[in-house]
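Notes follow the structure.
Order of writing sets the chain letters: A, B, C, D, E and F. Residues in each chain are counted from 1.
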């Protein structure tokens, strides 16, 4: 009977700690949100499942490999251990995802109306105000965030998952689980979070503003743009170069038209494979001691605040620009500056159609939408640079 | 002439040892079986080719890299070295394959008739009886297997390649080549090995039993099933969690319907890439000193025994179940419980059609067939747990 | 203002060295050649982009990771660091590419006319004469190449990118950037470099020679050929086994017809993914101190010489063969022996059509063309063997 | 030691097969229960589905309403 | 120390947003300029394109030449 | 040392090209031989193939048999 006793003692039930059980429920909730509610399933299905796997007591999914003194492996590590340390700690997975996103991005609307870059800049205010909020919570003794942690929390407001994961894995890896979950959850909640803010900050007349049709953009412009952006980043903001460099590389493969087979694989097999393992790896950081604490509540709260401020800043920026320009912008497209491509652009379109059923804002909103990706990557670069020096 | 002499001395002919030459012939035989006879070519082509590559004298396919004291690489390792240590020793490749198999598995027939899980359980008797056989061979001084080696040999009876590779790479990596070859060869021989046993253990009347058409299975059941299985594994048998966790993850991606692009890549590009390198890596363990010995003969023999006992147990279990249940099961589908998906189910169908040309057992046999995958993964988990404690 | 000052001091403009700026321009020129001129874009787009990324000051694309005394990562390495050390230094990427090329290669024309293998042999004269040229430059005190460097330079004449990268990463990794760029550039220039040489060495009558239609080649021959080649390499030239072994493996997957899904993935997703990272990794070796020096000029010059000699040798060999054989070969197809598949074969076809608009040489030129791949892989093996012993 | 090895083999057989059978028998129960619960929940939720699918019929629902109103009026008259 | 943390937060806000705005404003300028230059160059290069595409017209250019010659002859007569 | 370098280069040229030619010449022989052997074996096996392909003809083989039988009968009469 010793064997049954040993099997039973090593069973999940006997080893399970309360925290692990709760985290497995958290994983199931994430899966429910992803599958039942359609919240960013491409990431939340792997993250939710990874959360469950990482919290199975005794399964060793994030166990480190053990080597003897001669360097021979005595017991292999767990799958999530290799995934996390190979792909996330090194920053490789977010960068490859960014390459794939670049290969999927159409900069046409942005090139037709480059001013919308400013909307993508404005929406990053949410990031930095939230950093201030996080340190303020520390100041008032409510929660205790370091400046590195505060910076990582702020980046949730960038509404860009891989950027958030890239920054957090560099500045505050312990918060990776909570921040990634918050980032993707709020991206999924864009259709619920944004419209009230957009309506509150605009008049009916503003929401009815019709925008000129976008000019056609030549193939040459599309090819030269990622290179221009790359050179500018190289000259001015090298800390943003990893993210934006890979983004521009993906986009150049797409637009150059001479490496279609590479571009196709980047947009399909490669980004899919990396997405699966990125999600699983993030899930491996969803342990009870790192997730079940007041800080996570603070992160979720601050993340929501960051999103709201970002949305509001984008809308207000559009109104400010209308003051100084003859060519009027519908301020609703300012909300798309948070990125969350293409959801935020669709939301702008939908709210616009409510005000005027003939007013199609989708393509106009794609400009600030992709500008928001650039904006938050720039913000990430600045953040990493400044915080590393603090 | 020194150079020609040196070239000649470093040529394969001059360095070749008899063992290497024989192993290259073994590799060619595996390729012949795969290409000429259609034996599980997806694995046996890479394994056979890997066998040849690993045995080319002086080619260094499984050479370790050499670093100098400063950690700089002085000479790179061979491709098979990296593949084996990166993907097989770590357990990553079998786990990713299991994820892919999960994404390819339709649990519908099993969900329509969950009792067939018991057939998948019964067929694992072959595994454990074979373990006993292997240690008995040791007891009688015929061959010398440790308990870890015996456990790895038994798992051949699971008729599941990645499970066998996963267990063996943990418990007895030196036997990996022989066990993987035996596992895949017997899986390919299912249409030859199983029918005589199935006919011997059943009456003509039993083989003619017609089964009710399976009820339709709802999408919700399909989604909840992998999660239920995962939770059960997590609570009771964490040692089976790596294999079954990845299997359930793949299946959830498939059935959830919200991550089709991830599921597609898992079923195609990802599993194909990993299959190629898994096969090559297994081939790298096919060296003369590890393969050309009496133990390999024992492994091949015991593997065949395991297969036969598993088949028989499945059939007998079906007959036992018929004693206690009004709803009759055609005992032929019990043989599909060994797994070897979908070959064993097809064999059950074929033998059934011989007895009654109107009796289509294929879908009914798919239930025990996929149950056999679960069963052998559970057996693998128990085995790893118990043997590690011995 | 400290922060702005710090940001400014860490900006690219302030940190940029002249060499880096020039290398970024070199990267842009490579991109222009690839996109604007269609020079081997599949490799030159990633190499060009990688060149720019690697030379962004402060971006750390090829920074090594930093670990503390406990082995915990303090700062991750750059993407190009991981790509280079994981895929190029280890030789894995060129080998996987070779597997993919094998899966894409049709040996039919070669099997129909095996004598054309001699043309593929002759064209490798360019490789070895160039090695001699490189050491001669050293002898006359013009440039300073070691024998390992000279061997790597010579291999440019093989007109086979992955072979050149494989050899150079083993023998002279510092020259990798220059040699890869030269190899791919000259491969792209085949339509410009080859025709004058071909015309100069042949009479109009020779260029008009019509060749017999190729006999059909059976499936069995196609399957057995890669295995025969593998066995011959294993017996005689193990140093060529890594490259030719993977090449034959890819080809066997293609021709066996039983592992089509593996062959498809090898020809698409896998080779595309590896091509992207191979290119980026080569780009990471394009640093100013390694590229902007007189040696690079020498490499470019010697590479061109190697190409020309290889082309000429192929043509002359064809003429020699015509002396000793009744069945006449059009000497133009000898030029295809340099490899550069399928560009060189197309050039032979085009020059042939100029002489006789009814003379289609394309399929005849495919024989020496793929023979050239084998020839340069053999030359690479000999070179690695001989040079390592010097 | 040899005897121990056989003992270990017997232990593996007994406890191994015991666990496999116990686990899969439990899984039969859990799966059956799961199917019942899930399908019950799905049936409760189901009534919404047909309505949602309704507009896919080739006749516009508003036209259906108009026709229904006309029929009702006709019957009432 | 807490006060320093808030100072750091304020610094991040000011310098961070400052840099983001500065960079993207510059990018607006660079992009606009780039579009102008690139499209100008493309227009200058463009005249070549239609010519290059011309042979794709369904009429063989040699036949066009023959017809043109016939017309010229006719006009000359 | 320089002289040695040139010597090494000459050695590489001679032994390198020698090996390349020897190997590929041998490969010509091996390939030709292989083709002969393989095709001979395939031919021996071949007679099965046409039969296997036969049913693909548009006329049902049983009908062919019937017709053949009718013809035979006709000739016999």
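The definition used in the following text is that a contact is a pair of C-beta atoms (placed from the backbone, for glycine too) under 8 Å apart; a residue touches a chain by one contact, two chains touch by 3 or more.
The shown structure was predicted, so the numbers you read here are calculated from the model rather than taken from an experiment.
The chain with its CA mean position farthest from that of subunit C is D. One copy, subunit E, sits rotated relative to the other, subunit F; on C-alpha atoms the angle is 125 degrees to the nearest 5. Subunit D and subunit F, compared by their mean Cα positions, are separated by 56 Å.
For the pair subunit A and subunit B, the distance between mean C-alpha positions equals 39 Å.
Subunit B and subunit F have Cα centroids lying 36 Å from one another. Counting partner chains per residue, subunit A has residues 3, 7, 236-237, 268-269, 382, 386 touching two or more of them.
Listed for subunit D are residues 11, 15, 19, each touching two or more other chains.
Residue ranges of subunit B in contact with subunit D, taken from their complex: 110-111, 114-115, 117-118, 120-122, 124-125, 127-129, 131-132, 134-136, 138-139, 146-147, 150-151, 154, 217-218, 220-221, 224-225, 228-229, 232, 236-237, 371, 374-375, 378-379, 382-383, 386-387, 390. Within the complex formed with subunit C, the residues of subunit F that make contact are 2-3, 5-6, 8-13, 15-17, 19-21, 23-28, 30-32, 34-35, 38-39, 41-42.
Note for the complex: subunit A touches subunit C at residues 85, 89-92, 95, 169-170, 223, 227, 230-231, 233-239, 241-242, 245-246, 249, 252-253, 256-259, 261-262, 264-266, 268-270, 382, 385-386, 389.
Interface residues of subunit B, counted against subunit C in their complex, comprise 3, 6-7, 10-13, 15-16, 24, 28, 31, 34-35, 38, 41-42, 45-46, 49, 52-53, 56-61, 65, 73, 75-79, 82, 268-269, 272-273, 275-276, 280.
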